[in-house]
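Structures for review follow.
Each of the next two complexes has chain A plus one other chain: chain B in the first, chain C in the second.
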Partner chain A sequence: MGSSIAQKRLFHEYKNLSTNPPEGITAGPVSEDDMFYWEALIQGPEGTPFEGGVFAAELKFSKDYPLSPPTMKFVGGGVWHPNVYPNGTVCISILHPPGDDPNHYEHASERWSPIQSVEKILISVMSMLAEPNDESPANVEAAKMWRERRAEYEQKVRDEVRKGLGL
Partner chain B sequence: MEPSFDVPDSTDWLDTPLSLLAPLESSLRCQVCKDFFDNPVITSCSHTFCSLCIRRCLSTEGKCPVCRSADQELKLRRNWAVQEFLETFQNARPSVLDLARKEATRLKEGDNHEPSPKKRKVEKMSSTEQVAVVQASPQHVRTRSQRVAGNASKPQPKEEEAVEVIDDSQDEEEEYIPEDGMVACPICERKMKAHAVFAHLDNCQGKMETTPPRAPAFGSLQSRTRPVEKSPGKTLDRIPAINYSLLKDNLLRKKLRELGIPDWGPRPLLQRRHTEWMNLWNANCDSKIPKTKRGLLQELDVWERTQGGNAGPSPFTSTNNNVMRKDFDAAGWSASHGDDFKRLIANARKRSEAQVRSTIPEASRSSESEPAIRPAAPGDPRLGNGISVETNQNVGSHDSLDPSS
Partner chain C sequence: MADDEPSVNIPSLLTFAVVSFFFIRWFFNRNDAPAGRPRGRGNAVDPAQVEQIAQMFPQLNTREIMWDLQRNGGSAAATTERILNGQGLETPPPSFQPQIAIRSPTTMATQATSAAAPKVDGQDLITRYNLSSKIASENGADASAATTSSASSWSQNKEERQRLLQKRRDDMILAARRKMEQKNHEN
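Right after this comes the complex of A and B.
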């Protein structure tokens, strides 16, 4: 008794992700005592400058999950990407509640809804790595570089991937 | 806290020869809580959820979580077909899963140690596969019939016969329609004319006395006709929604007292508590076997401890990521962190003066404990934004913020 809807739902998602994980994605609570704090590993999508990299991120869930979306932040080194804040926080539409749209570019259908899941978030982030959305960048510099100096952007990403792997 | 992580799940089927049952089970689970439907109700847009789950969604968002079309709690209707399907499935689940798992281990062991009786196993395998494949086909009726036939005797390849079997069982189940043309409501078992049942179902208050759940035996359940007895003290009238803006604090508190729920706390908490109680209560009205008010109060208490007034300082009101939220209280944040901002500004001023004179080296800066901020600063026109973000991330290492680096 005493476990909330959010906890139960996170149990389900955890079990689902561990028995049937999507390719290139691992995720679960850091400690089983706290279901509201997860760690995830995402492989860099093939055919992108992120290929070969493994990116660690933390997910924080609110107590009224799944009514509100979690937040997601890359940890342990920068991810140079137009939609990732310099501190690592991920900014994509699926992590935004549908109520408001200060950026005026996101379709409501792309945004958070209680039927979304950790798995869908991580898959979205994977495809975000492959295809940045530069309409409302979280990292202006990265967005500028991506738009105007694509080769330099890709080189920088590759360098960071290599650095992240300790090469 | 939780006994174990081994929650029943649709993935339980994946390692068994019946892996095609996984999507079947998924479809019997609520997309919001991922559990089996609890009092399934259907929305105006024909999506089915647990009564409580969709009520909570609608009271926060007002939209269907699947298709995002607007809907109201008043328009929710119980989905009995799903309820019945679910009950029968849940009844059968443990034994079927057990069987499937045994089969899976047997197949595995067969691969490893015993090559000789393989022939039989291959046969078995193919027969289960056959069933599984048929189950995936769109013709559900035939599928079921084949299973029924398979249970009754040896698997029968002749489909015509199998279809007959299902017809029989349907006949049996429909026998409950009595000769007088009156039909019993499946919930309260009151008898009425057939055409009146559906209208009645929308308003049916359910059985008043709590009978032990005899879920799967619908035939027998419906054939019993018993007058509804209202047990005293338990009313299942739904709680209407309140337009909170029309109620002053005192009146709202009074309302909570009248409902028998705690009336302490600030205004927003009162509203949230009332909404939660309304959702709990009204969802309970959808239940075949409603809980007592005491049971509901316990659930409200769980809510109070996890999300309500007793939740304690949630990590999400104080942590970093909160600042990214669209509804972030910027004014409140800047008030409580005013000192930090002032110090940052002072530091930045000092530094820019230093640059102008280009005499003082960067020695005064404390160690760079957070390399992640570095890309934020250079020439970013939205420096203010950058600072507020970073402030949260690195309370204590503001000094490392260097707009000129």
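Right after this comes the complex of A and C.
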């Protein structure tokens, strides 16, 4: 019963994202046979070292979506970023359920709730690429580089952007 | 002599069959009983669900949440859907006495945290989506319809939708690649 509500909602979001896609975002289920597994493409925001790049991520939804948030993970090439784990998993507040705040710095309003959506997640991730959150690094190495050796960080990101496009 | 002591006779077979029938029936009923919990007059409300919804919608009254959960058979998803639809929750009758169930395994436990991360190979998007042939053909046609703006796309047909999504995805990657290549030439 719960899962059909989730499916209906996901289908609805899929339709909205297709008919009215936000700039630089493409997202949808890998196959409509499984509405709980999506893939998304995000364009690197302009004016950042991620500019010009396209990043693929998978989104996994639980059967009680939208009560609990999906998980999001960049696939393919790595994304060198303080808030992305080395395995690609994205760590931002909108992906954390409201009850659970291990770091005690996130406001409840920034966290997941059923009034959020896939679109809002992807837009948040886009702005996360532009502005890393230094408070709780998921990739300590990247965070350190971003803080202390910015030029090197940006060069590494640019290299990965090109690699991601097969260049 | 063999007739006097048959190892298996009809009455004992029958007795065995009847006894096993009742045993099997008891066995399955016993398993069924707890499974039927959320339906019917499952009066008890799961406090974890109440708390979950109360956290998401702090403006709501706990009694109203419990009333709605009890009436829809304990579906937090249905209650949330109802709140989000703007229907709001009904005020429970004064006679409503919420019963709180004590149930340890919360429904939240089924989160998709299959963290067993498969290998992140340094695979680029061209390989991942098998786009190398398209790049080749594109170079031949020299990017004629360079930016066939892949704006809104939706179809009533499932396969067509799938195809449109794939096309938007491929176009996005190829366009980015083209742009990046141009930039390289300029430099």
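Everything that follows uses one rule, which is that the second predicted complex is superposed on the first by the 164 of 167 C-alpha atoms of A that agree within 3 Å, B and C clash if a C-alpha of one lies under 4 Å from a C-alpha of the other, contacts with A are read in each partner's own complex, and residues count from 1 in each chain.
To be clear about the criterion, a contact is a pair of C-beta atoms (placed from the backbone, for glycine too) under 8 Å apart; a residue touches a chain by one contact, two chains touch by 3 or more.
Everything numeric here is computed off the predicted structure, so don't read it as measured data.
Superposition note: with chain A as the common reference, chain B and chain C are in steric clash.
By the touch criterion defined above, A:Asn139 lies against chain B but remains apart from chain C after alignment on the C-alpha atoms of chain A. Of the two partner chains placed by superposition, only chain B is touched by A:Trp80; chain C is not. Of the two partner chains placed by superposition, only chain B is touched by A:His96; chain C is not. Once chain A of one complex is fitted onto chain A of the other, the partner contacts of A:Arg147 are absent, as it touches neither chain B nor chain C. In the superposed model, A:Ala56 makes contact with chain C only, not with chain B.
Once the two complexes are overlaid on the shared chain, A:His12 sits against chain B while remaining clear of chain C. When both complexes are overlaid on chain A, the residue A:Asn20 reaches chain B and chain C alike.
With both structures placed on the common chain, the touch criterion links A:Leu165 to chain C but leaves chain B unconnected. Working note: chain C versus chain B after chain A overlay, options 45-53, 135-143 or 171-179, clashing stretch identified as 45-53.
Where the contact sets of chain A with chain B and with chain C meet, they give residues 1-2, 5-6, 9, 15, 19-20, 32, 36, 60, 62-64, 66-67, 71, 73, 77-78, 86-89, 98-99, 113-115.
Of all residues in chain B, only 1-2, 5-7, 9-11, 14, 31-35, 53, 56-57, 60-61, 63, 65-66, 68, 298, 302-303, 305-307, 311, 314-316, 319-322, 324-327, 371-376, 378, 380-382, 386, 389-390, 393 touch chain A in the complex they form.
Of all residues in chain C, those touching chain A in their complex are 51-52, 55-56, 75-78, 80-81, 84, 107-108, 110-115, 117, 120, 122-128, 131-132, 135, 151-154, 158, 161-162, 164-165, 168-169, 172-173, 176-177, 179-181, 183-184. Chain A contributes residues 1-2, 5-6, 9, 15, 18-21, 26, 28, 31-32, 36, 39, 41, 43, 52-54, 56, 60-64, 66-68, 70-71, 73, 75-78, 86-89, 98-99, 113-115, 161-167 to its touches with chain C in the complex. Those residues of chain A that touch chain B in the complex are listed here as 1-9, 11-16, 19-20, 32-33, 35-36, 60, 62-64, 66-67, 71, 73, 77-78, 80, 85-89, 91, 96-100, 102, 108-109, 113-115, 139-142.
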